[in-house]
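Next, two complexes with chain A in common: one pairs it with chain B, the other with chain C.
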Partner chain A sequence: MSQSSFIEATLRSFARAFAKALVSERAGSQTGLLQWFDPRVRVIGVSVLVVSGIVCQRLAVVAAVFGLAIAIASGSRLSLSTLATRVWLVVLGFTGVIAVPAIFLTPGRPLLTVPGVFSISEPGLKTATLLVLRSETAATLTATLVLCTPWMHVLKALRSLRLPAEIVTMLAMTHRYIFLLIETANQMFESRQSRAVGTLTGPEKRRMTARTAGVLLSKSVELSHEVYLAMLSRGFDGEVRLLCDFRLKAHDYIGLFGFLSAGAFTVWVGR
Partner chain B sequence: MHIPDGYLSPSTCATLYAFSMSGWYLALRRVKRALATRTIPLISVFAAFSFVIMMFNIPLPGGTTGHALGVTIAAIVLGPWGSILAVSVALAIQALFFGDGGITTLGANCFNMAIVGSLVAYGVYRALSSRSEVTARRRVVAAGVAGYISINIAAFLTALEFGIQPMLFHDTGGTPLYAPYPLHVAIPAMMIGHLTFAGLAEALIAAGMVSYLQRADVGLLRGAQDFLSTSTPLVSADVRSSSPTQLWWIVGCLMVCTPAGILAAGAAWGEWSSADMANPHTRAYIEAVSGNHKVTQSVPAGLQKWSTVWTAPFPAYAPRFIKSPAFGYLLSAIFGVGLLVLAAALAARITRRAREPESQS
Partner chain C sequence: MIETPLTFDIGGVSFDYEGIAAIRNLSLQIGKGERIALLGANGSGKSTLLRILDGLYFPKAGFVNFQGEALTPERLQRDGFALTFRREVALVFQNPDVQLFNPTVFDEVAYGPLQLRWEKEELIRRVGEIMAFMGILDLKERSPYRLSGGEKKRVALASVLVLDPDVLLLDEPTVALDPRSQSQIVDLIQQWRGTNKTVVTATHQLEIVEDIADRVLVLEAGTVIAAGTPSEVLSNEQLLVRANLVHSHRHSHGGVVHSHPHRHGHSHDEHAHGPSERP
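Right after this comes the complex of A and B.
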């Protein structure tokens, strides 16, 4: 491995995180099917569909939920190419590694046998397809929710659904500071790379990574002190209060009824 | 190790969410008490730090790279309770915002990596570093070993969760409904990668960071001793005295609800008695719920021999002298809770006596 490749790989990870956040900000501000509903309805509705897809045991019904997830994403103005690159290929890559061997390893009635080479069993094919479809369905629905809802609205919806205020605040602040720390780490790696002359040995590379992480830790702790002082100066007394000005309208109730009915129907048909 | 949606059954997810919620509740209470108003900014920034550390590509011996979790350094600096919260928040953001790990499996992921990972990392680090100086080389080795062990235990738990799925959740034809591999496949498949690359990456980053902090910012390594010392008991005095009545009400309600257990039909999988194995009807049921594996007609000799070694006073939560099953359940619950309270009181007394000479000296 060349000296720069591990630095470049880390820099690419940071860039991917920024790119994802940018896509999310753009999609969240558009108008579409999911954006039409109150954020609380979106969170409940998507959660119900995710859980019903996982409870469901019939392949055809899981496939139908996947179809519904794609329809919701399209109706919410999400491009299928974004979903394909951000969700489907990533999930397929991870799940495929686990699912594909199951086609050959699961015992059961053989569907296709090449003597002495491999045998595809019916239960194996069903298990693998079910695993991939379920993961793709849940990931598509979650990505649609997050891409079509500003992060702060997701958090406010979670708070109005009784998630403790401390946890909601931590999620909000963490999300905010992740990008600051990524930017800091990015600059540290870039400045190190720009000063690199010659090649580093393996132990030197590891020491450099540990030192960078150590400096980042010291900076994080300093940052937390500064954030704390800033909070104190604004009157923070340890109690978290969040504004929640969401109002449910008639179409939100209809949407909620629709999501709950779809979830219940899926569970009933897919038993 | 981030389990996506669809790999674990809804009941496994619900169970692990329940475990994680208990961990989060305990951690939040302890950290809030220790840090007061500083909890939120410190944990939030640390969660962001854990998230960024997970994105680092760590060069490993042999020319490859690996990713660390950062749970070990979080446990060393923040202590186990702070680490549980920080890593859980980082995992929640990964799942919700970046699609790394599922929503339904978030409880399982937090249980494996944030809760068990933090507790094991901190326990191993404390045990190995013992009372050595905060700048001692021994602490660098302790951090590395703690990182390696904690990641591998978290991976082992993940493999167990995968491995029990085909045993417990399959359709009538025996087709697995969730993760398809049994334990003998899931455990080696998961552990090979973690015993080599992932464990090594976590060990290297933890040891390397402790070594760096010993020279550059030693105060951070003392932090855990300052605000989250594990020398205090897991449930400290003020927690115990804060809401005992509420706790007793909860225990009482749970005891009253115990007769609901008799609504469940059949025995739990794997808990069959020798009488069940001898009964042809029960044997047919056992075969049906065990992937149609044939059960021998005679009771296995080992089961027959060992099942009579100990006879419980309240077999199947039904004391022989009680005719009503519901009342038998309730009585068993009262008896069990009473025994636990006695055992806890005895343990507390022994611990207090052991501490008294230390505090006097």
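Right after this comes the complex of A and C.
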């Protein structure tokens, strides 16, 4: 697959994925473990588990939190195959790039040595596994939260937890125009394709991609400004207002206690 | 001279985009219940003027008064004034995509009333009414991103009409629409004739002007170069050519090549053959 067609295919997949996320927001209304709780409890609970997974030093404990994250996702009726392809593989790819050198470069007791070629150290392998596992845990929990909670509910929950209105506005804007932006990028590639004759050389493809990225950046600034004006025009003042009110019930308090306890326990045993 | 109470009073307004002038020393009064068309070619300052009227842009020079009160960023930061202003003045953007940012059409139409803190019962009732009025009830659960151009425009209109604003600012409301959707929107604007609604429509589509306006302002390079009734402005061919609203159209009828000023949307029978006609 050529470089430009790879980028185009990626953009199309992104567009489809975002369209799905924006259109459906349906997982949020399905009944499931996480959906059972008030959005504020979901946000607090997931944040607590993410932080506890990150600060945890023991590999076995991080693995247990990862297991818990998978159980929550599964209980919230998320497809594990979707999580595997959209979250786990992507995170593995990105963190793997950072983690792999640590396997070879971290000093310590060698586990496997090919003389003159490489040496895998025990602390290196542990560090790399810990990094990947922490990232996978955080990504799984965050993805579960976002897929099980309509985005506007997440924003309202963040505001009610006193997150500054400016940050919530930024999140709202990002979510709102990212789809448009991807669509614009897609159209730019299609337009270029409709005018292209012959095959581009590698350097030409790179130049074209760089130019497209530059134009897209300018367009994104303009687009975000326009979307913001449209929001202001209809009375947006930084607050997120919804038809539904958030009300904590008995099971929400129980859930909150459960999340906080799990987080505290993880930090304690994972020291 | 405006006889009705003034909705907008603008004096000596100038605005530029990083040094590029968009509005130059523009003065204008808009009376309550007036239907005004802002005519001008692309880049003449129509959209910028609408944004100034909607309190989204603030002039670098001059003043803008809304119902006798200065429209300034400081005033719009005050809760009371902002709520009243946003309730009474609504802008429909040229590109509906920037205006439609909610997950479903229902959420989109309900967004404005929610921001303006309406009571829930009234909000749900009013959203249902306006969706039925605009013929978009069946799109209720659809994502705005997945609609056709005409549907998007109707949803964008519904999302501001739900507020029942006294002042409607419409930026190219019929552009890029199929004839049926165009005529629906023109019909809608016509229905407001004789009501207290002030409607300011920016357009370069001459064929709809007589239907949507009682007064026409022609803009060129950010300033008003002519004003009058639709018939006065539309009959001034020289003015329309100067404002880039008509162009010389060269074509042939049965072997006879001729050229004449051309307006989009008019049939061939309406063309007045110009002096350059030749066999």
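Here, the second predicted complex is superposed on the first by the 174 of 271 C-alpha atoms of A that agree within 3 Å, B and C clash if a C-alpha of one lies under 4 Å from a C-alpha of the other, contacts with A are read in each partner's own complex, and residues count from 1 in each chain.
The rule we apply is simple: a residue touches a chain if its C-beta (ideal position, glycine included) is under 8 Å from a C-beta of that chain, and two chains touch if they have at least 3 such contacts.
Predicted model only: the values in this text are computed from it and were never measured.
K.L.:
Return first, second, both or neither, reflecting whether A:47 touches chain B, chain C, both chains, or no partner chain.
P.N.:
After superposing on A, A:47 lies in contact with chain B but is clear of chain C.
K.L.:
In the overlaid three-chain picture, which partner chain does A:227 touch, first (chain B) or second (chain C), both, or neither?
P.N.:
A:227 sits against chain B and chain C alike.
K.L.:
As a test of reading the superposition: which chain, chain B or chain C, is in touch with more residues of chain A?
P.N.:
Ranking chain B and chain C by residues of chain A touched puts B first.
K.L.:
Taking the superposition on A as described, I'd like to know which of chain B and chain C A:235 touches: first, second, both or neither.
P.N.:
second
K.L.:
If we overlay the two complexes on their shared chain A, which of chain B and chain C does A:180 touch? Say first, second, both or neither.
P.N.:
both
K.L.:
With both complexes superposed on chain A, which partner does A:151 reach: first (chain B), second (chain C), both or neither?
P.N.:
Once the two structures are laid over each other on A, A:151 reaches both partners.
K.L.:
Is there a shared patch on chain A that both chain B and chain C touch, and which residues make it up?
P.N.:
On chain A, the residues that contact chain B in one structure and chain C in the other are 151, 176-177, 180, 223, 227, 231-232, 236-237.
K.L.:
Which chain C residues qualify as touching chain A in the complex?
P.N.:
Residue positions touching the partner: 51, 54, 56, 82-83, 86-87, 90-91, 93, 95, 97-99, 101-103, 107, 110-112, 114-117, 120, 123-124, 143, 145-146, 159-160, 163.
K.L.:
Which part of chain A faces chain B closely enough to touch in the complex?
P.N.:
Touch list, chain A to chain B: 1, 6, 9-10, 13-14, 17, 20-21, 24, 47, 50-51, 53-55, 57, 86-87, 90-91, 94-95, 98-99, 102, 105-106, 108, 122-124, 126-128, 130-131, 133-135, 137-139, 142-143, 146, 151, 154, 164, 166-167, 169-171, 173-178, 180-182, 185, 202, 205-207, 209-218, 220-221, 223-224, 227-228, 231-232, 236-238, 240.
K.L.:
If we count contacts the way the header does, which residues on chain B are in touch with chain A in the complex?
P.N.:
Against chain A, chain B makes touches at 4-7, 9-10, 13, 24, 28, 32, 36-49, 51-53, 55-59, 61, 63-65, 73, 77, 85, 89-90, 92-93, 95-99, 102-104, 171, 173-181, 185, 204-205, 207-209, 211-213, 216-217, 220.
K.L.:
Can you name the residues of chain A that touch chain C in the complex?
P.N.:
Residue positions touching the partner: 19, 22-23, 25, 150-152, 176-177, 179-180, 223, 226-227, 229-237, 239, 241-243.
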